[in-house]
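Chain nomenclature is as follows: A, B, C and D, assigned in order of appearance, with residue numbering initiated at 1 for each chain independently.
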Amino acid sequence: NLPLVFMAGTCVIESEKHYLDTAKKLKAILAKTKHPFILKASFDKANRTSVDAYRGPGLAKGLEILTKAKALTGLPLVVDVHEPWQAEEVAQVADILQIPAFLCRQTDLVLACADTGRAVNVKKGQFLAPGAMEQVIKKIESRGNHKILLTERGASFGYGDLVVDMRSLEIMKQFGYPVIFDATHSVQKPGALGCATGGNRQLAPVLAKAATALGIAGVFFEAHPDPDHALSDGPNSLNLEMTAQMVRQLCAIDQVVKKFK
Amino acid sequence: NLPLVFMAGTCVIESEKHYLDTAKKLKAILAKTKHPFILKASFDKANRTSVDAYRGPGLAKGLEILTKAKALTGLPLVVDVHEPWQAEEVAQVADILQIPAFLCRQTDLVLACADTGRAVNVKKGQFLAPGAMEQVIKKIESRGNHKILLTERGASFGYGDLVVDMRSLEIMKQFGYPVIFDATHSVQKPGALGCATGGNRQLAPVLAKAATALGIAGVFFEAHPDPDHALSDGPNSLNLEMTAQMVRQLCAIDQVVKKFK
Amino acid sequence: NLPLVFMAGTCVIESEKHYLDTAKKLKAILAKTKHPFILKASFDKANRTSVDAYRGPGLAKGLEILTKAKALTGLPLVVDVHEPWQAEEVAQVADILQIPAFLCRQTDLVLACADTGRAVNVKKGQFLAPGAMEQVIKKIESRGNHKILLTERGASFGYGDLVVDMRSLEIMKQFGYPVIFDATHSVQKPGALGCATGGNRQLAPVLAKAATALGIAGVFFEAHPDPDHALSDGPNSLNLEMTAQMVRQLCAIDQVVKKFK
Amino acid sequence: NLPLVFMAGTCVIESEKHYLDTAKKLKAILAKTKHPFILKASFDKANRTSVDAYRGPGLAKGLEILTKAKALTGLPLVVDVHEPWQAEEVAQVADILQIPAFLCRQTDLVLACADTGRAVNVKKGQFLAPGAMEQVIKKIESRGNHKILLTERGASFGYGDLVVDMRSLEIMKQFGYPVIFDATHSVQKPGALGCATGGNRQLAPVLAKAATALGIAGVFFEAHPDPDHALSDGPNSLNLEMTAQMVRQLCAIDQVVKKFK
């Protein structure tokens, strides 16, 4: 029953300056809550809808920027990994390796992350029941790594829509590892823009409040100083004002529900 | 931003004595919260899975028992109606007429309830998007009745399962009428027992906490002194101990979130 | 393994003249296939999305028109019923009473239809697993009526969309009663037009071909001489040219698959 | 409107002898249909539910076996690929590279396959609308490769179940590339066995008949001489007797529907 942790950052590193500036702004906002804050970063968006979409600075340049971000802010980092060979390199700078939802069943990727000894945050696939995460956990544990986090980010609900099943958070809690709710990917509308993923950022704080009321370990979200011009996932990213309001409200809820016996 | 209202009762009237006893027990539990309490009753379960299942005392005997319950407890009543001709009779004793989810699109039933002048609580069909409730509202408003409540009770999610989409509560709030969350029907497993509906009562308080965190008007649930021997909907009914704990927790959450600007 | 039966007609009776004219045209088209044809009629659309939508001529006038249609065409009739008290009256003229999908769980309606002794065609609810139809069948059989037909018309698939699960036809066949595929309601887009149901009529023959390949008893569809100006369900109704092509193709498929051992 | 193509093989290479024996048996069965047959092989199942499950002989040994299978049978091969670096090697022996459904959005894998110049068969993700495959096609076309096949293998339908939306086959046909229906993965029950995927092989021929009635390019399926003892995907694999009956029936349907104008 530790205080709610926040994991946040831009969807993708747009540039060194943009990323570091945003990291500082988020740190300032989050500092007011006195809750732990883990900075989120992606050096490559490997599954963009369109082949023409911006993917990020790539691994080498990305890790360089992340090293600076860590030095500048003093924050721990959560970074996503898409292929097994990247795990070791990313683990040099990341505190938590994150496995994207589409890839949560790729055994080699899961094992490569586990082998680094870093904490591994697995996003539950949109196609997966919460109970099925048990087998993913066993894959990580099979390498002697017990630093595991499980993230809910919505389940397929017909075409072009996701639904968050709040039962999932409770069911995953039974595995004994921290459960995180990803508030902004959960409000994506996959394929809604034809050549890009749509979304509804107004609903992200709504779902985050609901999830927080269950007494979870943390909330993940993407934020951007100007989401309508973000290079990725703009429609579902929070702006900084929404961020400030949301985290304040979530902390208030968290404080109440963590007292429940 | 009024305090959370509770609507609760047994799924069906099992007998006069059983119903009145349970009503008194629920009143005592709810009284500790100082939140408003509306007693729920069903005189007939018109859509049981099996033709052999107990349906209730019927309209005439049912209304007699409800009249006694009202006199005994002083509580307002919410009662479900299944055919248009029942509306007027039920409105003699019920404060709120409730339209079952499967029937939310039956125009004649909706209009008959509206015509009584009583408040009408419409349960959103498991097959309906929250935005589609606008047309149901217009049906009621077309008769000059603006005492409308909207209830979320889960959406079809594959076969034999329901998922609660918390976005639905927020979307329905935009219509300007009180939004209720039905915690126990939402955890039904339709058809899971072959000749009866299954369910998981442990998850009802979980979903209720999530819903309450959105700042809704009320929570509906079915409770029973001995749910494993209830004549209807036992698997998803709360026992009295769970009821006491849940309402206490929901009030705590409600108090926090209703302060949010 | 009898030849495929067709059930078709306009969604609702728009006027006596329109209905009788269309019935004659459909009869002429269907006659070329030499397959049995059952004329479909609705005197009242009791669950229109909007309170302002056209509902039909009503029971008394509707039955009068249906009596004329029967005399004029010599075709058997399938007619939907929405409340128990209507069953007996509709059974005076209809050969098959049809229970709408939303209402397939309403025990009193099912029993009232069963009691007429007429054949009863139950549309499987959009919220129901095919296996769950066993309990509906038992309700009808409990009245000594074994003239039962089961119709698939799509299952809820997220919001505003239906998916046809072809497994459902095979699973329902196991109950030993004729299984019908409703090709045009299956391509509805519930609520897609805001105040009305949308649909995609181009996909109706596609799904009908798939269903027919399973060796089913019949195909149901709505057709209209001018679907873009139909008073109900226009977006998913076939025009007469599409009808002619579709039934020709379905008969060809039916002939092949009914020979399979 | 070329004759239906079959793609079939065991789920995974269990051993050299087992694979070659089964390939010969399948070739003999398929030869009777005179329809084209492409042999399916997997050297590694990279996304097994359990970390303890058998994965296959691996890339090097697998390609060796596939080379022998090709020499022995003279059949073209379709082989799945899971990471970008494998594409070039697999293309040495495979005629078609296949992208697993979970990985259909991984841009680097799609591009690596496209770059080999081989035909690329993309399985549509269980989380993807058929229209969204347009963007995947554009990724492949961006490398000048227009040898593309699209495969339907079911969509997420609640938890632990897949539904095949037959509309998907028709919608994907509009892209102008051959559309394949994967009959056996479509009847998987993901996670149904706890530590393994369940399935219902009896329904695979049912869905295959429905799909074939739409006039598609091919049907993919997994077959095994003894599916109850298969090392992977046994519950949804066909035995050889079912295979013989199914392909005979599908050819009969294909012949009829490919004549439709």
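Assume a contact is a pair of C-beta atoms (placed from the backbone, for glycine too) under 8 Å apart; a residue touches a chain by one contact, two chains touch by 3 or more.
Everything quoted here is computed from the prediction, not taken from an experiment.
A.B. asks: Suppose you hop from subunit B to any chain it touches, then on again the same way; how many hops at least until you reach subunit C?
C.D. replies: Contact-graph shortest path, subunit B to subunit C, evaluates to 1.
A.B. asks: Would the interface of subunit A with subunit B count as same or different, where same needs over half of all numbers used to appear in both copies?
C.D. replies: same
A.B. asks: Please tell me whether A-D or A-C has the greater number of C-beta pairs in contact.
C.D. replies: A-D
A.B. asks: Report the chain whose CA-based centre is farthest from the CA-based centre of subunit D.
C.D. replies: B
A.B. asks: Once subunit C is fitted to subunit D on CA atoms, what angle does the rotation have, in steps of 5 degrees?
C.D. replies: Angle of the fitting rotation, subunit C to subunit D: 180 degrees.
A.B. asks: Based only on mean CA positions, could you tell me how far subunit A sits from subunit B in angstrom?
C.D. replies: 36
A.B. asks: Using the average of all C-alpha atoms in each chain as its centre, how far is it in Å between subunit A and subunit D?
C.D. replies: Chain centres of subunit A and subunit D, defined by C-alpha means, are spaced 33 Å apart.
A.B. asks: With chain centres defined as C-alpha means, what is the inter-centre distance between subunit A and subunit C in Å?
C.D. replies: Here the centre of subunit C sits 48 Å away from the centre of subunit A.
A.B. asks: What residues in subunit A touch two or more of the other chains?
C.D. replies: Those would be 155, 157, 159-160, 163.
A.B. asks: What residues of subunit C sit close enough to touch subunit B in their complex?
C.D. replies: Within the complex, subunit C touches subunit B at residues 46-51, 55, 82-84, 102-103, 105-108, 111, 125-132, 135, 138-139, 142, 155-156, 159-160, 190-191, 195.
A.B. asks: If we count contacts the way the header does, which residues on subunit B are in touch with subunit A in the complex?
C.D. replies: Subunit B residues touching subunit A: 155, 157, 163-167, 170, 187, 203, 206-207, 209-214, 249, 252-253, 256-257, 259-260.
A.B. asks: Enumerate the contact residues on subunit A facing subunit C in the complex.
C.D. replies: Within the complex, subunit A touches subunit C at residues 157-161, 163.
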